[in-house]
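What follows is chain A paired twice: with chain B in the first complex and chain C in the second.
The block that comes next holds the complex of A and B.
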């Protein structure tokens, strides 16, 4: 029996020392720079947003089927754990999220190494950019046209293009709605800023590319925290001095960070 | 039944040691796990090859047995093979109506309890994992390889009555032990990219410490066995740390002696597992803790020195990863040779 015991002890010792991990690429040190990507995962009141599919009635008693959901996001900034803010280059800083085209990704390359705690960005195009004139827009003007995000150069960009059909208690026939929100030249500024603190620091550096997964709730466009807009009262909202700014505020409330994918070292 | 004839051939301890040594070292050195390069398709997510997405650790119980325990609760001196099958589903996406990924976790363990002295025994579990999952778009993925080996030592605080002897007064036993779970299984970050279930791994990559206690008593041919164990998990080389895990269980059994050589022991039990929050680079991972409470039914047939066991477990209550992961069932089959 003694032989048996010794053999087992020898065996376990052998197992312990022969199985040490050879994974040594624990890159806790962050150097250089890396990419932070953002995924804008569009949903509607907790469910996935599927174009052409009816959603459950909102608190206004309106059941909405979305057929188009595009918006402009811009001017990305990341605040690191020491409170220092990094601004992504402004001339590359305008992006369109388009549900039809399934473009839901924003890539921000060459972010300085570090751990970031807060994400800030704008919804729409700010006045500074707009006042650079048509030539100052670069390729973004064409991109906006291709994505149905322009009225005309004079009228400006549509920051949000939200279309579909709805029914309500009084509107029993499926009726088209259009919510196009933007700044209307320089007379009405609907550009809004969003600041989201991250549930976990996003880490980035050489060989460490990470992702911030945002959960978008499109139902908030009409039913915001403070303002509720009824399509039954007005189903086409474009240049509207009262409702358009309300839509802008509501739209800025539809973003939340669901989770972070932190990349690892190579 | 090749196995039985093989075991039969091992008529003395020396051969047994040799067999165990060969078996274990073969498994350890047969570590040429094929690297899985299956593309993970995930319509609601954009995933990067090196990103990982992490929630609860269920591979921890797949590799060690979790609330199934480190032994059968019936025998102190055995070795054999145990299969554990676990069916899970996890959300493929972040929404309430996101589709499910079906996951099957399969573990084949060479396991044994070996009495070192009258008061001490050694428990060794060497798992081989073969898992698969199917995505809503009908693609699937498989991973397999050696899992995380665990070695525990137990001390018999109270003596144990061998189960073949019917005692007149209740016989209590208490075993206290501890040990390690080694990162012998491969932890591959890329496997975590397609699912909210981070346990789609053959190992969790870390050295973990286990504290365990078994208590039970037998009275005539009735018995109660209980188990409690705590797994203290450390950070793995990828900067990921699975949450600590508490497992517990209680079983009631009765042994029927059909003949001199055949005994049947049906068991009914309850078991629970509780998982702490996972950490990534020392930061808490949201929706990563959870617990599950299970009902258990099993039958062990003992013929001479061989025991064949069947176990079925169904969850009675669970909240894993904020309900983004669901355990559907567990089954286990074991064939042991009692020493």
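The block that comes next holds the complex of A and C.
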């Protein structure tokens, strides 16, 4: 039944889109729907993120070795060149990027034909979804548990699980760090939204599946645009009224679109 | 009596098309009516998202009493939540779970959960459906993972059938597992104490003059926090218990990370309070007398002490010895024999 409704939605959205595409200059008419895939290419300060390998020092003087880097991305939306926003079905819209498992792809099938200029998504799980209870979580709970993204003590999701070791000027012995960020019950909502303009339009339609290649800079989790967080001060950051929301903001700033592959291939 | 929205269908009986002798057998499921007691506020749980049914409830009950939800196969929910003590762990300050490990908070009663919006002493979750994950996965309680529990249930043909019969899309999965447990717990309504019958003016039920006096004291001095006929406002408050240095339990701050939440715990309901000793989040008091003595003489001041417990320089709630006696007489009228003897919730 749900599938039927979605196909109906997809169909109706497609009808609207196919009307507006009449005035495009593109030689190739986009019809129907296609898949937009997203590649989350994890890096650290301009380099590849290699688990277990030391990275160059951050600007705050701390040198970090990452051993785990997992995060939840959700609620994908694509805005077309006419400003119309397409929302990927919410109940299929939660994904885990897991560096250990090398799961770095999100596939969004049946995107209505069109040319899209902007990608929007969430980092984490919104309160609306959480408060849907058992129905809302479905199998995502199991997936989260299997990917170390569940906080059992509060039955909530870790939106970010970032672990490893670090050294700094004052901490010369390699020391463990753990950054687990998520919402906490009804007291702290750390879900954040990201909006990224695409360097070129992503085109999708029947026979035209495309890919958006994102580059992620994990170093920004600790050294963000406005807030720098020193592991030297606190190396285990989980429930922290001040630092946890800062981590949430910094994490939402680690995404950039690097390039687009229109019509197949990566 | 108010009745709420279980009108999602005429009672749906699925009749087997064959005669009784037929080996083909289809189980009858039917909606359960959730009745809101006349003296209660509206429920918080969204029943439309998970309408209780006869078979969903029964499945939930079986799960509640099934030790396979734990790592060693023995610690069920019912292990620490015993009906005869309003689903608390009788005589236990803290409960012992897997490998005899001990927790650091006293087992709370299970009752009237449909009317609550925060769960556990510190509000670690705000949805009933997701609550069971906490004890199931807690290393000192049931020490299991959700995935393992589902694997165990999936390989059990009895459970396969029970899930299939209880839900439309009756797969053994997270969603249905948590929904069934919620259905069982939602129906656990305690609303037939002597006090309830008195306020609802049922069948000439009366309180003694001592109990009435206790009620009046309660309303004047306790009912701001233990409010409504749920006997809790559902808020997190620091009631001035001297922190136990061996536990260092910071309460709600565990969840929010906020210093302003230090030592705050959820105001517990007082229903069935006669049965739920020991008292407080850490089960430190063995009797109601000790609790009341604490409120008159034992409160410690701190930055987060609830302002209601500090008037000028005076800490606590002033109560004379005879007022305490009356108050306890009243609290005992909150004992609900119907609830603790209700066969629907019983393990056997």
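Going forward, the second predicted complex is superposed on the first by the 231 of 266 C-alpha atoms of A that agree within 3 Å, B and C clash if a C-alpha of one lies under 4 Å from a C-alpha of the other, contacts with A are read in each partner's own complex, and residues count from 1 in each chain.
Here is the rule we use: a residue touches a chain if its C-beta (ideal position, glycine included) is under 8 Å from a C-beta of that chain, and two chains touch if they have at least 3 such contacts.
Since the model is a prediction, treat every value here as computed from it, not as a measurement.
Of the two partner chains, chain C is the only one touched by A:240; chain B is not.
In the superposed pair of complexes, A:209 makes contact with chain B only, with no contact to chain C. For chain A, the partner that touches more of its residues is B, with chain B and chain C as the two candidates. By the touch criterion defined above, A:46 reaches chain B but does not reach chain C.
Once the two complexes are laid over each other on the shared chain, residue contacts for A:145 go to chain C alone; chain B is not touched.
By the touch criterion defined above, A:225 reaches neither chain B nor chain C.
When both complexes are overlaid on chain A, the residue A:185 reaches chain C alone and has no touch with chain B. Of the two partner chains placed around the shared chain by superposition, chain B is the only one that A:199 touches, whereas chain C remains out of contact. Within the superposed three-chain model, A:261 lies in touch with chain B and out of touch with chain C [touch as defined at top]. Overlap of the chain B and chain C interfaces on chain A: none, as no residue is touched by both. Chain A contributes residues 1, 3-5, 7-8, 11-12, 14-16, 18-19, 21, 23-26, 28, 37, 39, 41, 43, 46-48, 104-105, 199-201, 203, 209-211, 213, 215, 258-259, 261-264, 266 to its touches with chain B in the complex. Those residues of chain B whose C-beta lies close enough to touch chain A in the complex are 13-14, 16-17, 20-21, 24-25, 28, 44-48, 50-53, 93-98, 114, 116-117, 122, 124, 149, 151, 180, 182-184, 187, 189, 205, 236-239, 280-281, 283-287.
The part of chain C that touches chain A in the complex is made up of residues 46, 49-50, 117-118, 122-134, 136-138, 145-147, 150, 173-179, 182, 252, 254-259, 261. Chain A meets chain C in the complex at residues 130-135, 137-139, 141-142, 145-146, 150, 152-156, 184-188, 239-242, 244.
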